[in-house]
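Labels run A, B, C, D, E, F, G and H following the written order; every chain starts at residue 1.
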């Protein structure tokens, strides 16, 4: 119930077409809608044509199939399913037109939407082992309507590999820097570019990497400005945030 | 040395007005400027009119005075000094026209620039004790040319306090959510708004807050999408990143 | 041996029907019962009609069957078995009249007792993945004679979901708030209600959730008053404590 | 604005004594009170005669004086100020009738209220060094209208000291067990009594006590049922929760 | 080479029956035996009749069989094999006369020696789940020639269970207190007895027990004097140390 | 009340010289002494002539003076005060005949008792910085009636320093190995000797020593048998335990 | 593009045989080679005859086969494959002439090169369980052209075992000390030798070894000078670094 | 006692000029010198002309003065004192000819020795705040006879700063990379150079830098080969090790 609807309800009370009791009841039944809470549902906040998202982990194939069906029946064109295992993908794919991206554990039902974002999102990784997380980020961004450039295996131990991509990095609207082990990629990219950089630490590594903690700490302590961090292995979160930034309209 | 300057140098070699040796020497002296690395210097990447930044911690008042003087002499209008203690502020203020904001430990030399960002940055805190970090963020954003709305002490333990500011939160272009203790503010705001949310954990708290670790972990694990995190107490980093996002031009 | 029995023993000594040696021996054999230590056995401290509890983890089906049989033979109506796997449940169910609740890994032998608690216990979760722990809590409370209301998947990332249950939350006698990831649910509920809130962090999450540590720290640092915390995934402990509070008689 | 007041406002609109615009304005100014959110303000949720609470840490004496004055002017009889240092206490005491309890860093303005709770709250400590935290808990409970029994220095290393207080422990309505070092007190008491036990780990100890972490972990892992835990050194939180439980009315 | 042998060698040099070069070579080849380092080999330091020990973890059944054979052929009567899985036990048992104790993962080849220790070693556990570690300790102690009393499942949550064994505890020469979860057993026993207490934290527990860390910290912070601690789950270490203490001869 | 006194009381009841009510009252007042709990008080468990102990940390000089006076008036010859600062020592020394050992922060009132232990306790340290903790251990052991040999600064980085003391180490009845940094001393000594070794990690070090955690972990993981560990910097605990072991009578 | 090539390019411009545009394009295409970045590729930095390295973890047998083929076709004689499982080794061995070292999980395609290093590298371990990591180090060093001496199972708990190898240790050019549990080996060797010592903590151990953290901290805190540390279980890193040091030419 | 002296002693026995008893006694008094253990004393292992080292932390000025005097009187030319505060430096300087380097907390008594190392040691830092640790490393290396090049404030956030020093880095014999915060410097340098790189994490930073842990973990997880790590802030250790490597003679 928005301000205008509240005004009408009160007017109805003033007019005598609604009783005081009825007005109280209505204010009580939908207490939050007059505060605009419908917008809280972030899925609907995404632009036209972009994907709805299902977090696949911990859901049965049957549940995923049902939620997908419900979304499609409400007119959704594309459904993005994250953390979807190959076996579950097969079951879902038997019912819905699913494209499965095994590396990123991502399933996409329906067509990949055309890019609606303003610029390009670069997804960079330190090594090849970081690619599953990077793919989760990249496919999420693509499914949400973004142009994505992948720069994989450009880690800082061979700094020339990264520097040879300076141009792609510097023309990006958002960079997602995915790295495990010492996570230095984020700082080095953060020092090169002037757009927002989202660091995604990965659990790649062994010993004192502590399942991604080393990379996480490195990224949080980045001496480069313009860098922020999401949870270890959270490719989806990075892709979602990058898409949000890439869809922000500027001044016309 | 930008591309145009490189072209001129090479033209001079072609013209015979510069020798090969001279050209080599010049390319060697500034080897990265012809690669566009000057943009790496993020201070200069900031828009006209915005502040240069001096990280005051660990610098003597004398060093700060000198760097400020150098910046001003190069035409800089506003100089932002972070982590500046009151005693150092007094010394700097005796030489330069300093406005000192004690709560945020921020000094600003010269006029606060007019806002050039596209929208409004909201800086919200969970409690009153988080205000020093929030002020570091807010003043940084203002000094970099942003309109800032402060929503302090709207922590989740009294959820109605936050909800009464729904409108300001939902119309923000970026929200900086500053919170110590359990850091839940970030998640709750992240669930309300559809713009990027930057979480800043603070070291406010005691016992099992572990100097901000509890809030940091909470923010990293936020179940709300669109949230990313900076280091504990890193108000500057959040203000800088928010400004960067707020100055991104969209499609005209 | 209670005070009355002690009196009788001493009287027997005074009467000469018991020797001093015999009295010493008896006092020594059951040294603590005359101090009321029998009440220490918390199983018996539970009200009539409520369940005895078997912690199933680490016990063989055979052991569980035997203990259950012993309890039933002593007149126990309901036996609650926690952390009971499906395979073990099948074996126990072949011998005893077991109702198995797979989600909460709870088995209940005998009828679920009628509620004897004073009010209602609300068990709330942040997400659907927290439901196994929540069910352990809810079924424990029910087996101990409590009316339970389940409010699942009302996490703070969509704050309106929780607020739409304000009435149920505010009329609860105890709220058990079960949440993984950032664990903010507990604080937000703690700010809404005026009854005791028991936080149960769950190991749901990945990366920097550190197996429930993030949620645990968040709950311990809750800025809401009236909140206390139990171990990660300890649904039983929360249900037991909630039942204890819900059975406390007030002033008549 | 409670339901009755909302009814009156709507009636005034119906009566034409208030315009629709006026009603909207009033509903907007206090948008949550018609939703029952006034109860969210836990200070007001406390029973008549009990104290309002000011968290003194991080507040200047002037701020504390002003808040106290405001509370008193609104008819509050007793004001409880926690984490109040001796120097600040002196300043506050020069303006308001303050009783200062140095050990617990607690100041109380106005008379200590008569107990309104149903039973007795026992505050027990493992050692004498835990007494400051225990006093914070005990005085909080007293200021909130509870009868408190203090059992200090009854740690488990001399188990007979605790056992000699079995009767007081077993007749308590709530026990607050305050302990540093290995925190075993909570488990042992939890095994003795049948009322809720609130564990308060303290930062007392050295070396591998890690500022209270050892005691915190011990309490979280307590094998005794009916135990929950608050943050390290959080005497106030334990006293507040104990009071809440002790004021719960039962079935008449 | 002991002092006597050194003397003989030097005498040979003095006698001219050994050359200087030969003497140098011999001193160099066994440089440490003349320092008595043979005693460093702790296996041989054990008393006559006690067992040699093989740490079975990470050894193949074949290796264990061979080492056992070598020990037996050198006159060893009893061989203790720790951390021996059931499958490996079967293979070893096919070759050597092995008694396998499954709960403690202990195999003993040859007869259990008669007790040679001075008093009794009590091995106590908090719960039944701690029994595998306790058995490792108890069987180690028995195999090294000690009388062992087992007091299992006497955890502090039911303090009367422990107190009913006061006499056995107080007459022990060494107590090994084995406990997981909150590890309070060690402190409570440490407060009861006047002999050395060896705490063995176990990895029993879940959530914030962190694989035995909670119990380890509790034991390290024990407020009871006379307590020391070994590694998590290190039943062998405790049994070995207890045996060492129990075999120390006093003043005649 | 010991068994004999209980017998007399019961006899008095049998004789009619005490009423049943009187007997109940007496049994209730001292309920644990008839169980032999007086021995729980470990101070009295120490041998004749040895010191009572006051843990000085957190006690005011006045409190220490009073407790000391009480102990002396009960016939105690020697009082050991640990963790006693120089200023407090001066105050105590003005009232009681105090010998203050500044390095170990130990005060001893009255004469140092003659050794009553069976053998010698060696206190070894890795470096000179570990000496304060070592002195706490050594003086505690001396005050409790033990012969102590100090072997300071024999750390493993210069293994020959330790080996040159092989004889003293190998003839010790107990070795207390005090070390910070990497704590390797304990393992190396544990491999040399055949008596119990008590490891005391110290907080000496910087960086990744984490206040003694590195040394603590090293000692807990010692590959040498016969080693156990006390809390970081807990010299008293090691000295007390060593004394306990050194006073154990063997078979005559 | 090295300095000479740059000179030639500029000369071509000066000569008119290259246009300014062409020169710009070339400088842009290979911007780093004129800075000598080709040397950044460390594989090529290895001496003639030594092995190229493939990190086998996370690579499919097919990928390994292809990379190996590519390396061999470029004239590489020896290819070192680390972290290669037995199954993958079999597949690779079917295509390439592979020698598989199961303990170290190392595969070597082609002949082991003759030693080209200056001295001998000693690889020492504390126990037999550390041997897989030690073999990774030793085989890496051998494949890179070094003479390696293995001293396994010389841990400090039997210090005489290490001391009996004093000569081999003291004549080494680099020592790699591999140890789990308390990691004391590194310190003790560091105190014996005067060459660089590289500590490799291993994840061998249980309980408070925390997967190698105890050994890692011990090595970082080594009181011996000349010691540095690599990641837990990083045998390759240690072997590589040792080889690098062992191949450094001195002054002729 | 070296091999020659042992030979002489044995010869004396053979000659009859020394008795067997005398020889035994001498061998026992200095049991390790005949094994070459004198070389264990690493101070003497340093080359002629280089400094002896005193670790100043925890030593009184008086102690430092005395040790220095002793070293000088034994012919030492240069004495290096690390971790020397300004006040202590003043006291030492009043007695000995001390040059005090305040930033590195290093005092040097006597002349700085001429470089005897083979190449140049580069000491690089990420920021200006890392300079105290870097100076400790650099001055240590210089005092031990090495040529040192300082490259300060070349952190990766402005990668061009580091790259502009590529030549100095690539011609170094050893690089010491000193960095706090995210510690990425070490990896990036490790990827550039082909000499050994010693990472020194510093405690520079705040929040999630955890006193240097973030940098330490980053360096341990470096994906660059040839990198090893010393303790947080351990400039001395790095300088000492670098000197050791830089003084290794190669094949002539």
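We take it that contacts are C-beta pairs under 8 Å (C-beta built on N, C-alpha and C of every residue); 3 or more make two chains touch, one makes a residue touch a chain.
Note that this is a predicted model, so its numbers are computed, not measured.
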- C-E or A-H: which has the larger count of contacting C-beta pairs? A-H
- Among A-B, G-H or B-D, the pair whose interface repeats that of D-F, with over half of its contact pairs matching by residue number, is B-D
- Message: Roughly how far is subunit B from subunit H, centre to centre by C-alpha average, rounded to an integer in Å?
- Response: 40
- Whole-angstrom distance, CA centroid of subunit F to CA centroid of subunit G, is 50
- Message: I'd like the Å distance between the centres of subunit E and subunit F, where a centre is the mean of that chain's Cα atoms.
- Response: 24
- Note on the structure: subunit H residues touching 2+ other chains are 31, 35, 37, 40, 158-159, 163, 191-192, 207-209, 213, 216, 220-221, 224-225, 231-232
- Message: Per the contact definition, I'd like the list of subunit F residues that touch subunit G in the complex.
- Response: 126-127, 155-159, 163, 180-184, 187-188, 190-192, 205, 207-210, 213-215, 217-225
- Message: Considering only the defined contacts, which subunit E positions touch subunit G in the complex?
- Response: 31-32, 37, 40-41, 57-58, 201, 203, 211-213, 216, 231-234
- Query: Any idea which subunit A residues touch subunit D in the complex?
  - Reply: 3, 6-7, 10-11, 13-14, 16, 19-20, 23-24, 27-28, 31, 35
- Of all residues in subunit G, those that touch subunit E in their complex: 128-129, 158-160, 163-164, 166, 206-209
- Residues of subunit B that touch subunit A when the two form their complex: 35-36, 39-40, 42, 45, 118, 163, 166-167, 170, 173, 191-192, 194-196, 198, 216, 220-221, 224-232, 236-238, 240-241, 244-245, 248-252
